[in-house]
Each structure stands twice: as structure tokens, then as C-alpha cells.
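By written order: A, B, C, D and E. Residues from 1 in each chain.
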Amino acid sequence: MQLVVKDLNTFYGAIHALQNISLSIAEGEIVALLGRNGMGKSTTLKSIMGIIKPRSGSIQFNGNELAGLPPHKIAQAGIGYVPEDRQVFGNLTIEENLMMGQMGIKNKNAAGPKWTLDRIYEHFPFMVKKHGLKARFISGGEQQMLSIARALMGNPSLLLIDEPSEGLSPIIVNEVRDILAEINKEGVSVLLVEHNYKVAVYLAKRIYLMGKAHIGYENSVGHLEAHPEIRSQFLEV
Amino acid sequence: MKITKGHFIIGLLLLAALAAYPFFSGVVYTNLFVRFLIFALFGASLNLLLSYTGLLNFGHAMFFGVGGYATALLLEHMPNAGLLTALFVGASAGALLALIVSPMLVRVRDTAFALMTLALNQLLFIACLKLRGITYGEDGVGGFSIPPLNLFGLVSVDITHPYNFFYFSLCIVGLGLFLMWYTTRTPFGSIMIGIRDNPNRVNYLGFNLPFSKTVIFTISGFFAGSAGALFALFQNLVSPDAVMHIQNSFTAIIMVFVGGIGTFIGPIVGAAIMTGLENLAVRYTEKIFLFNGLLLIMVVMFFRGGFVGLYNLAKAKWGSK
Amino acid sequence: MVSSKKIRYCLSVAMFISLFLLAGIVPAAMSANASFNIDKMSDMSDFDPNAVQQPTGDTIKIGYMAILSGPGASNGELFWPVINWVAHDINKRGGIVVDGKKKLIQIIKGDTQSKPAAAKQEAERLILEEKVHMFWGTSGSHIAKVLSDVAAKYKVPFMNCLALSDELMNEKNFNRYTFQTISNTTQWNMALAQYYADRPEKNFYILCQDYLYGHSMGTAFAKWLAVYKPDAKIVGEDYHELFLKDFAPFLTKIMAARPDVLYTADWSPDGNNLLRTARNMGFSQPIANIYITDTDTQKALGVEATKNLVVCYPFIIGDNPQTPAQKKLMTEWHKRWLTWKAPFNKLIYSWPDVTIGQTLADTYWMFDIIERAASTDAEKIISVWEGDEYEGLTGMHKMRAEDHQAIFPMFVGATGYPTKEVYPGAPYADGFSGINKVTTIPAEKCTPPIPEGLKDRLKNK
Amino acid sequence: MKIPPSDRGTIMEGTAFILLTQGIHGISYGLVLFLAASGLSMIFGLMDILNLSHAYLFMLAAYFAFSIAQVTNFWVALLLAPLAIACIGMLLERYLIKPVHPFGHTPELVLTLGIGMVLLEVVKSIWGTTMLTVMPPESLQGFIPIGYLKYPVYRIFIIVFTIIILCGLHQLFRRTRFGTIVRAATVNSDMVSALGINVPRIYTLFFGFGTWLAGLAGVVVAPLLSVHPGLADQVGLDAFVVVVLGGLGSLWGAFVASILIGLLNTYGIQLIPTVAPLITFSLMVLVLTVKPTGLFGDRQ
Amino acid sequence: MVILQTKNLCHDFSGMKVLSQVNLEILQGERHAVIGPNGAGKTTLFNVITGTYHAKGGSVQFKGADVTRTEPYQLSRMGMGRSFQITSIFLRQSAFQNIRLAVLSRRKIRYNLFKPIDSINIITNETEQILRQINLYDERNVPASTLSYGKQRSIELGMAIATQPDLLMFDEPTAGMSKEETHNAVRLIRRLTEGKTMVIVEHDMEVVFSLADRITVLHHGEILLTGKPEEIKNDRRVRSAYLGDSEV
């Protein structure tokens, strides 16, 4: 297993926002974390990333303990983060946004970095023409792509992606979905937080469903598809 | 807390000690104590904003100064005005200034509030220097006649005597502190605390936030003004440097922090410590700023509860057997 | 009938007698009650302002009221060697006999912080706790006023040798315990106006600090200039805020008005900044001033920039000592100065001139009064000092009995190129323009009127 | 305004020259003010810290300039003094301000106030309280004529130098990695951190950078004003007005406010000298009354 | 009878449309839930009604009066009480003091500077009564910050009901609660709002369905549907909105 999270507990003040969260991801895998709003999906990603310090629990990544480290150390260990709402730097150009993804990461690969600007431009052709444009002037879908590309620039072996399809039109959602599949083929494993069930099911092999602050279900996609009542319990009205 | 017989006796002893104080300490230390009293009142009035309402006022000296000037100018031009009238006019001037500036201040908070008060303080300071026709510039208003304290037409006490002034200011400051403490116990007092902890919620609970803040400013301004008025009577002189200077605002903040923010007694303890230390420091060093600065840094870095907080910690550790 | 011969004889005898009488009386009337005698000065070779040993015990205690902390603390530092120089001198001679006992002089520091309230508190502490016999000081008229009030309240004499407001000794503020040995505003400006009365400059620009002192100086200069030089023109008058950040806008305005002389009463740092900005901007006209006398700054600015400074003061010697006593004191002090360490190794202490000189002379006067009163009792000191005439270093100083204002000649000095080797082994100014032309304005020409309400003060007694 | 008789024919010209000269004076002082205030504003913008000791660091730089210039010359002082200030700034941030930052604005303001008091006393202990004079280098002494008035070369140097620094700042923020990171962190520091960048270290560096600018201002001001312990209050208060007036954290706002205050100051002196000192603070109170966030600020 | 009504309510944040033409009607005495997927505009709608923001278009009417531009404290005095999604209580104060502040507001004791608050018995009694209702009587004197999250939320609710409003607005009252805490909260809310008018915004469907009489579904800033719980549950559009389906 590439990432093993065990008994993670996180608090916001008095709120016990994550209660004994455990999950794992194998190398090259896409795993989806699903659940309604406010259940703690984003908090899980933020806790893994160190943006919120978990109070207890362990986060093992390639055998190294990450819990308690500051975010930049975790990013340097090889985890890329694509946050909710994209969070591109609107006052920076597209190219600067991409460079930001690379600045803090030391290249450990002898053969040179896997993801370079040229390769990113190959995968996201729209960026070539707009590379000098401030990121706040590009569309939501493009911002989502930029956010993903920015994370890739750090050559991560695991991507944490938070709601990539949110607020995007169906066509764009499909584009994002295809890009993620493509990236996964390049050997990057993905922990995907989604509320778009179809996207999640399309991409992931395994699914975690979150209830309030805990993981309520874990199984293969096939099993979930076969049990609509579980889906209804965790996701629907 | 219940008032027991022990408390009563301790209170009586304390009162007796205070009453006898001048005769044991002499004029210098009596005056020093009066200074402490005035700054305790001033600090406590700032504390109403700082600890009870959560507003960092960097320009509290403006209320103090205006109070001092009002009293001094009244006695300069109307020597027969009467002591308590003069004191009340000073206090009201502080309150009035607070009323005037609150429309600007209630809209901002935090850093912007601090800076805005700083600017207002500086503006008034410059105005005091510039309006020579009224304020006599940097010389200040001095040498005005200080009326005797007339009690119901029966007794007339000359308060220019240091001991008499000591008792007079003890009564005034004691009353002022009691009134402020009482304020914090009233329904409005709990609204103040509410504003400190969560102004937004107070608003949603149906209390008019800007108006409530205005009332707090006015109360705080009133007591700061009365401290200023007392200062004017004590020194028989008010000058921009002495009453209106930003350094005075800082002094009050230092007192609150050193004494212990968040408690009522804090600024009083702070005033005692700072007046005492300053009196000591003056004899041995000219570097009073170094002293105060280091003290501030220490308090903020290591014991944010100030000396009262320290005392409580010590009591919690060793006091309960 | 008496013969005409007899009458002539009587007349001549009477004339003779009266001449004799006159010869005796007039010099007696003109000679001082006392005078400064340089020959009595002790060997000062062991004087070091950094290591002053204050005697303790039964001493004559002088409260040195000065700005010792805050931004103005250099002021308090400046006069520390002065008062201790005199105390050291007298203590080495064995002290002064007061109340039948020979006592040494002890200087006790009091910090005014340049704040009235602090000054008051400190003054009371010095009186009540340290039991000082007399106050010496202090800069800032508003501080001096406070000190004067405290002095009167506790009946402790106070020599004001540093604050120069006219108002300090007027009807309203006068008290018997305060003696002003420094010239007041009127004296300064009368002297300066008369200096210009005989000179060709016609157009004056007044730039002073925007507070009471600045305004009263500016107004007084304009007033006395109109009296003594009716054809003079004030081409501009401005008052700038204290601690002005940038003098350039004012100087642009001044240069556009093209004055022959710029008058300013600015003290530091404003005075220095004004001078520097003026010279940097090419304004080379004379600057008539009182307090732009900081030698360290002048040295940094150099010879050209410090030329054409016209300074008016009760004590100016420059490189032109008028008596051997001045020369001896200057030389003696300078010799000692060479051995002093920081902060007293600064250039401003190198010669006891201008402010240092004046306070030095006044301090000698003060101790002379105590010596003659033979007491530290306030009443005795007052009775000696009132109407006293003292031949000081720069001429006769008379303490006018009515208002306790000292009357004496004033000096106007103008800076020019430094002259070499004025004093044994040293030039007066090195690397900057020193005062080398001193004009004396005799005392009678700069005697201010006695305030109306004080004229009859002594008669009613 | 009085014009000598010989210039009667050119009153307009004379007035125009004066106003022009005053304008340049205003701009040069405004630019110095901007140098002093920019660091303060930027540090607030990025780190949400209002450093009340900023003005004292500025003053300290002027003293450093004095001491260094005595041993070597002005140019060395211009290089070294700001660097020394930056080091002090970084130490202050790392060991005093950073630990207190999580407890909110009030302790932080009080802490930096305390730091300022200590710095003031340190300056007085080392250099004393007398005025010290720093001379501009030989090459910058003298003046150039503007009409019948003269303009000092050193003030021209200030204008040119500040503009160079401004351009440098612009380049730094546009072109360098540091600048890019800072711009990104201003809008979203958590995200920057999540990209593998050590944000606390960037903060410390940036604090040093902001104080470096204050240091530059201190050195540049030294030949213009006397170096004395009142210097911090003298220029510092104006710097605070600039930052608040322009809008906390807005560099552009600080620039506009600096020039505005510089010009108001000089034209105030030229036209209405009696109320000139009140203009700055009245303007600040007025602007804040209408817009509490300042001219270009978007937060409190 | 309609107690609250929004007419063509529109709102945007610097050009980004969040609410468009929202027409919501809340009937006297009903428990009404507003639900919808993330970004639907629920919180904005809530904030516009309670006076945090003033609507950019349309109007809000409360008890027949136009309150589109009314300040929150005035709304409170008119009888609209609210709770907050992020616990917004006075953490340094005790539960008693928290609730008492709300009671003061209801009693219209605002600027009383003359009587010690502890001696106003009517306030103390009423406060204690509410503390009993929210099961915090025993812990009334400890600082709220030391109470468990669930209890802090109870204070949050207690403050909202202590003003005895005609309309209660609850913003995600169970946000951040554990399963048991949620169950308790639901029971508490049901008890406290018996016979009262309530609007609730909530993600937790169990909470919504166990409380609401009527439900409004918001999607992309517009009202998708208003109806009884069963209608909502079986509506295809609602389901796909929640699953993020693109057919909608």
C-alpha cells in the first residue's frame, strides 16, 4: 500500500470532525471518497495534507510517517493536493501558477522531473496560448485543469483531489474526468473526493462512503452498484 | 462569593491603613499614591473597552486629556465653579468626546480601530498645541484656582493640601472604580462582555451593536475624563504633553497588560506596579522605556494574563492544599 | 555782606569736597558687589564629568533639574559637566561656609522628562526627600514655570539659567524665589534688532517653531526691529511644526521672497535641519539665530555651510576673548576636555562658549550668592541676590530687584572662516566656521522694561 | 507671496517655478515616506502583522548609516545598514512576533510597541541623544538650477533612487521565484504551503525584506534630517498615516497616499502654512470616516 | 397564513450569481427545511433573510412588513431568531450567561445600568427554565468552552429559542455532531419547536426528514421544488441534483 491512514482523529475546536478515519490506497490506484456535504471529506484530505493538524492517528506514505508534519514537508514527500474550489492563484499567470507547483519540490528523479512545463502543455493544450494570462480570467473548468496541472508539476506519486467536478458544466466534467484517467495511466495514484457519483464510479475501483465524521462503508465499485440502498443511505435524499 | 466576617475585618483594616497612609508615608509618597489612584481610574476606564468589550484603544489619552482640559479651563475662566462641578464637567467632556467620535469608531474594529484611535488622539494632541488662544499651547493651562471641597455648605476642605487631596481622590477614584465594577455587573455589563466575545451574535440577539458600542465609549470616556479632571486638580496644570500625548495612551495599555487583561482588578494592579516601578526606576536609571518595553515583551511572550494571571496560576498551584 | 572772595573760596571747597565725595561714591556705585576671580579657580586637572564623586552628608544640595530621559536627554547631559565643574572647583577650595559651617556642594539629579507633570513630581521629590536647598535649571519655559511654582510653594530658591520666556517673571507669574539669570525674550531681540540697526541688511524673513516660544520670539523680533530699524522690511513670516520633517518647502518659499537675513529661533533638531537644508538648497544668506550652535553638526556641515551664521547670546567669546579671565577659563576647560570620554568627548563640549559658557558663569554667580549669604536659607539668599551686581566673565550682571531679571550686556557673533591658533595650542573652530566677530550690545541698550505691576513691588513693603 | 520688483514682469513665471519646485519637493519627500511605509504595508498585506516597531527599525538604520559612513562612506552605509536591519527584523519575527501571532492582533500590537520602546532605548544607550549628522556623498552635493531657484542634487538622487527601488520591487515581484511565492501567499498561504513551499520561512524572509526597505529609507533620510532619537516618531507617524490612508496591505495605496501626503504637505506649507500640520491627520480621519478600509484597502 | 415570504429574491457576489428569483413562502406554524447540494445557495438565502446581506434584487417580507434592508438586531426585535452553522456562542461565558443574554433581549432590558443583573429574579428564573429545557441546568456555571460540542450546540439552540421568536431560523443545527449527538439534537429541536414556525437548513437527511413538514430544494440558486417530504424523496430531479448527474 502506498498510503495507509489509520485511526485519524481531527478536531475543529470542540468539533470532533474526523472520528477514527482509516483508509488506504495502493500504488497506481484511484480511490473515491464519497459522502454528503459536511461529513468530513475535505477535512480528511486536509488532515492528510497537514493543513489541519490531526490530533491522533497515523498517516504512512511509502512507509514514512507523515502525521504531524507541516504541509510543505508532506508535499515534498510526494503528495499533490488539488483543493476544493480549485484555489488557483488568481493574481498569477497560468505559467506562474504552474511554476508554483514545482518551486518547493526537490527533484529526486535521476532522469529529470517527470512532469515538465512542456509535458503539461501537451496534456493541457489550452494553456499554451493562455500561459501569460492571469488565472482569475480563465473559466472554471480551465481553473480546475490548472489546479490539477499545478499539483502535477510537483511530480507527485499520489494526488488528493477535492471535488474536481463541482460547479462545472457536464461537458467540462467529462473532460476533467478523462484527464484524471490519463494522469492515472501515467502512474499517479489518486484519492478522489467527489459528490458527482457518476464521475466517481467511472474513475474509481474502490469506494469509501462517509457518514458523519466517519467512514461508513468501504468496498469495490461493483458492490456499491449492486446495493442501491447503501448509496441512498449515504448519498441521496 | 459570600462576604464573611473575615472579609469584613480585612476590609476595615484596609480602610484604616489607607486612612493612615499619608501620615506614615509623607508628602512624596502620598502624591505618588494619588498618581497611582488617577492612573488606576484611567486604566480601569480603558479596561472597560479592552477587557470587557475587546476594543484596543490606542488613543485613550484623548478622553483623559479632554477631561483635564475641560476642568482646567472651567476653573481658569470661572474660578467660583465649585470643585465637584469642575470634576463633573471634566468627566462629561470625556463622555461628550466619546459621543462625538463614536460614529467613526463603531464601524471599525481590530487593527483599523487601533489605528483610527491613534490618529484621533494625535489630531487632538496637535489641536491642543495649535489652538493657543484656548489651550495656551504647550505651556498648558495652569495656576487656575482650585476651589475647596464644600460639603453641604457645612465644611470647606482645602484640597490643595496633599493629604486632603489624597482623601479626596481616594473617594473619587473609589467611587469611580465601584461604578465601573457595578456597570460590569448590570445587564448592560453582560452585553459588553457579549460584544467582546462575539459581537456578531449580540447583533443577532437584538442588541443594536453600534449603539451599544457608543454607550460603552461614552461610559469609558466619562471615567477617563474624570481621571483627567482629577489629574488637572492634582497637578494644577494640564499640558498637551502631560495629558494628551499618545504616550499616555500607551501607559494605560501597558498598565492593563502588565496587571492582567481580562480582569477588573488588572489595570489597578498594573497601575500600582507601573507607578511603583517608575518611581524606583527613576532613581537608578534614566532608561524607563527600556524597562517598560522589556516588561511588555515579557508579559506578552510569557504571561499573557499579567500579574493577576500569574497570581491565579500560583494560587492554583500552591494555594489549594 | 559776604565777600565774593569768600564765596568763591567756599564754593571751591564745596566743589573739592563734592569731587572727593563723587570720586569715592561713583566708583563705589559702579563697582560690583562681587566679581568672578579666575585666579581663585582650583587646579581642575582631576575633573572628569564621567566620574563625578558627589560628597554626601551635611552638604549644600543643589537640585539639577534637567531633561535626563526621552528624546531631549542630550539637553540634560549638556549641562552636567558645567554644574559639576563649578561644584568641583569650589569643593576643592574646601567648600562654602554656610550657617557657620564649611560645607561641600552636592549635585542631585532631577529628571523633568521635559514634561510639566513629571517635572513637578520630581521637583517635589527632590525637595521633600532629598532636601535640596536650591534648584538649578531648566530648559523649556513651561517646565521652568512649573519649577518656579514648586519653588515658591516650598520656599526653595530657583535659579533659572535656561528658560527665557518673558512671561516667567511677569506680574502674574513672578515669585520671590525664582531668579532669572538668562536673558528673556525681549533682551534677545532688542540686542539683535540693534545689531541690525547699524547694518545694511533690510529684508528679513522670520521662520520660527509653531508654539508659544517660537511665536513670542518671532513677534518680539519684528517688534524691536520696527523700533530700532524703521526701514527694515519683514518679507515673510512663517511658523513651522516642531520636529519638522522637511524644510525644503519652507526654504523654497523663503528663497522666493529673497530676504537679506533669515531670522530663526529654532532649537535642535529643527535648527540644524533648517541650516543644513538651507545650505543644501543654495541659500547662502545670513541666518540670524539663537540655538544653531551645535558644534558637532557644524563640523559635519563644513566651513562653507556654517559661514554667515549670526548668533545672539549673553555669552559669546568665540576666537576673540575680551579678557584674560575668559581666555584662561576657555583654555583650562579645553585642556581638560581633551581627556574626557564619551559622551563628553563631543565637539560641543570642547570650548565653554555660548550655552555652556553662560550657564558656567551663572553657576559661579549662584554659588557666590550663597557664599555671601553665608546660608542656604531662602530669605537670606533672596536678600543678597535682589539688586546684586556681579562682575562676571562677560561683564556686569545685575539682578534687578523688582522682577528678579538679570540685566547684562548681550553679544552678537558672526561666523566666518576658522582662524588658526587662537588659544594656546588650538584653534577655536576646526573644520567649520567659528564665531570670529563679536559685537557687544551694552546692558543699558538691552534692558527690558520692568513689568508694570512689579515696579512698585519693593516700595510697598 | 512677495515677488521682488525686478521679477514683476514674470510673476506668473515665478509662481509657476515655485509651485513646480514645491511639487518636486513634495514628490521627493513622498517617495521617502513610501520607502519607509512600503515594508510596513506589505508585511501587513502578507502576514497580517502590524509592526509598530517598524519606525524604530527605520531610525536604527539611520544610526547605522551614521556609524558606517564615519568609518567608510555613504555608499557602503547604503549597502550594509539595510542588510543589518533586515537581519534584526528577521530575528524579531522568528523569535518574538511569530510565537505571539496566533494569539491575535492585540498582543501583537502591544508586543511590537514594546520592541519599539526597547529599540529606542538601545539607540540612546549606544549613540546618545545628541543629534548626529550624516552628509550626502561629495558627488551628490550641490544643486541644479530650476528657473531662478536651485534644486539640490541629493533630492534628485532620492527621487531617482526610489524609482529604481520601485522598479526593482516590481521586477522582484514579477520575475523572481520569491516574488511569485509572495504574491501567491498573499492570496492563499495554505495552498502555497500545500505545494511544498516552507511558508513560515518565506514569512521570515519577507519580514526581513520589509524591514530592509525601512532600512533603506532610514539611510536615505539620514543626510536629509538630523539623526536623533526623535526620528522614529517624526517620520514614523507619517508612515503609519500613509499605510492606513492607502489601505492596510495595499502597496499601491501606500504609494498614492505617500505622494498625496508629500504634495499636500508642501502645497499646504506654500499656501496655508498655519494649518499645514493638521492636514495629514485630518485627511486620515476624514478618509477613514467615509471608507474605513482606506483609499485602496479591501479589509480591516 | 404566511409568516415569511421572499419575492423574486436575487443575490450575487461580485457578479457571481448565487440566488436568482427565489420565491419562498413559510407558513405560520410549519417546520420548513431548505436543502440542496453544495453551492446551491442555501446559506446565502439564509443570510439574506436574516439580514446578514441585503438582497441585490427582490424583497423579503416578514409578518407583512418589508424587511429587505432591515438590520439583524431589528429583525431579532421583530421576532426572528436564528442559530448559526458555526457555533456562535460566548465561549468564555457559562451556559447560564449565554442564555441570559438572550433572555435579556427578550425582556427588552438593554441599557439597564442601575440594577445588578444577578438581582433581577425574573431573568434568572427564565434563564434557568430554558437551561432545563436544553438539559444544561446542571452544567450551567461552567465556561461554555469546556462543554462538549453537542452541548455547545444546545446552547446555540437555546439562545435562539430564548428570545421566543415567532420565526426560528436554524442553520445546520447538527453540523459537526456525531450520530448520537445528532439524534439528541433532533429530539431537542422537535421538543423546543413544538407549535412554532421554523426554517431549517440541513445536510443531514435523517434530520431533515424527521423534522420537516415541508421541504424546499434549492439548486444552482433557484428553487427546484417545494413539497412534502415524500414528494421530495421520490423526485427524480432532486436525486440527480444530489448525485451530480448531468441530465438536470
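FYI, a contact is a pair of C-beta atoms (placed from the backbone, for glycine too) under 8 Å apart; a residue touches a chain by one contact, two chains touch by 3 or more.
What you see is a predicted model, and the numbers here were worked out from it, not measured in a lab.
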item	value
Partner chains shared by chain C and chain E (touch criterion as defined above)	B
Path length in the contact graph (chain A to chain E, fewest steps)	1
Farthest-lying chain, centroid of Cα atoms versus that of chain A	C
Centre-to-centre distance between chain E and chain D (centres being mean Cα positions), rounded to whole Å	49
Chain A-chain B separation of Cα centroids, rounded to whole Å	56
Separation of chain B from chain D, taking each centre as the mean of its C-alpha atoms, in whole Å	34
Cα-centroid distance, chain C relative to chain D, in whole angstrom	40
Per-residue overlap in chain C, given as positions that touch at least 2 other chains	73, 210, 241
Touching chain combinations (by label order)	A-D, A-E, B-C, B-D, B-E, C-D
Residue ranges of chain C touching chain B (in the complex, touch as defined)	68-69, 73, 111, 114-118, 120-122, 124-125, 128-129, 141-142, 145-146, 149, 172-173, 210-212, 215, 241-242
Complex contact set, residues of chain D against chain A	177, 180-181, 183-184, 186-188, 190-200
In the complex, chain C residues that touch chain D	71-74, 77, 210, 235-236, 238-241, 243, 245-246, 248-250, 252-253, 255-258, 268-269, 272-273, 276-277, 280-282, 294, 296-297, 300-302, 342-343, 346, 348
Residue ranges of chain A in contact with chain D within the complex	49, 51, 70-72, 74-76, 81, 83, 87, 89-92, 96-97, 99-101, 103-105, 150-151, 154
Complex interface listing, chain D residues touching chain C	1-4, 14, 18, 21-22, 25-26, 28-29, 124, 128-136, 141, 143, 149-152, 154-155, 224-226, 228-230, 233-235, 238, 265-266, 269-270, 273-274, 276-277
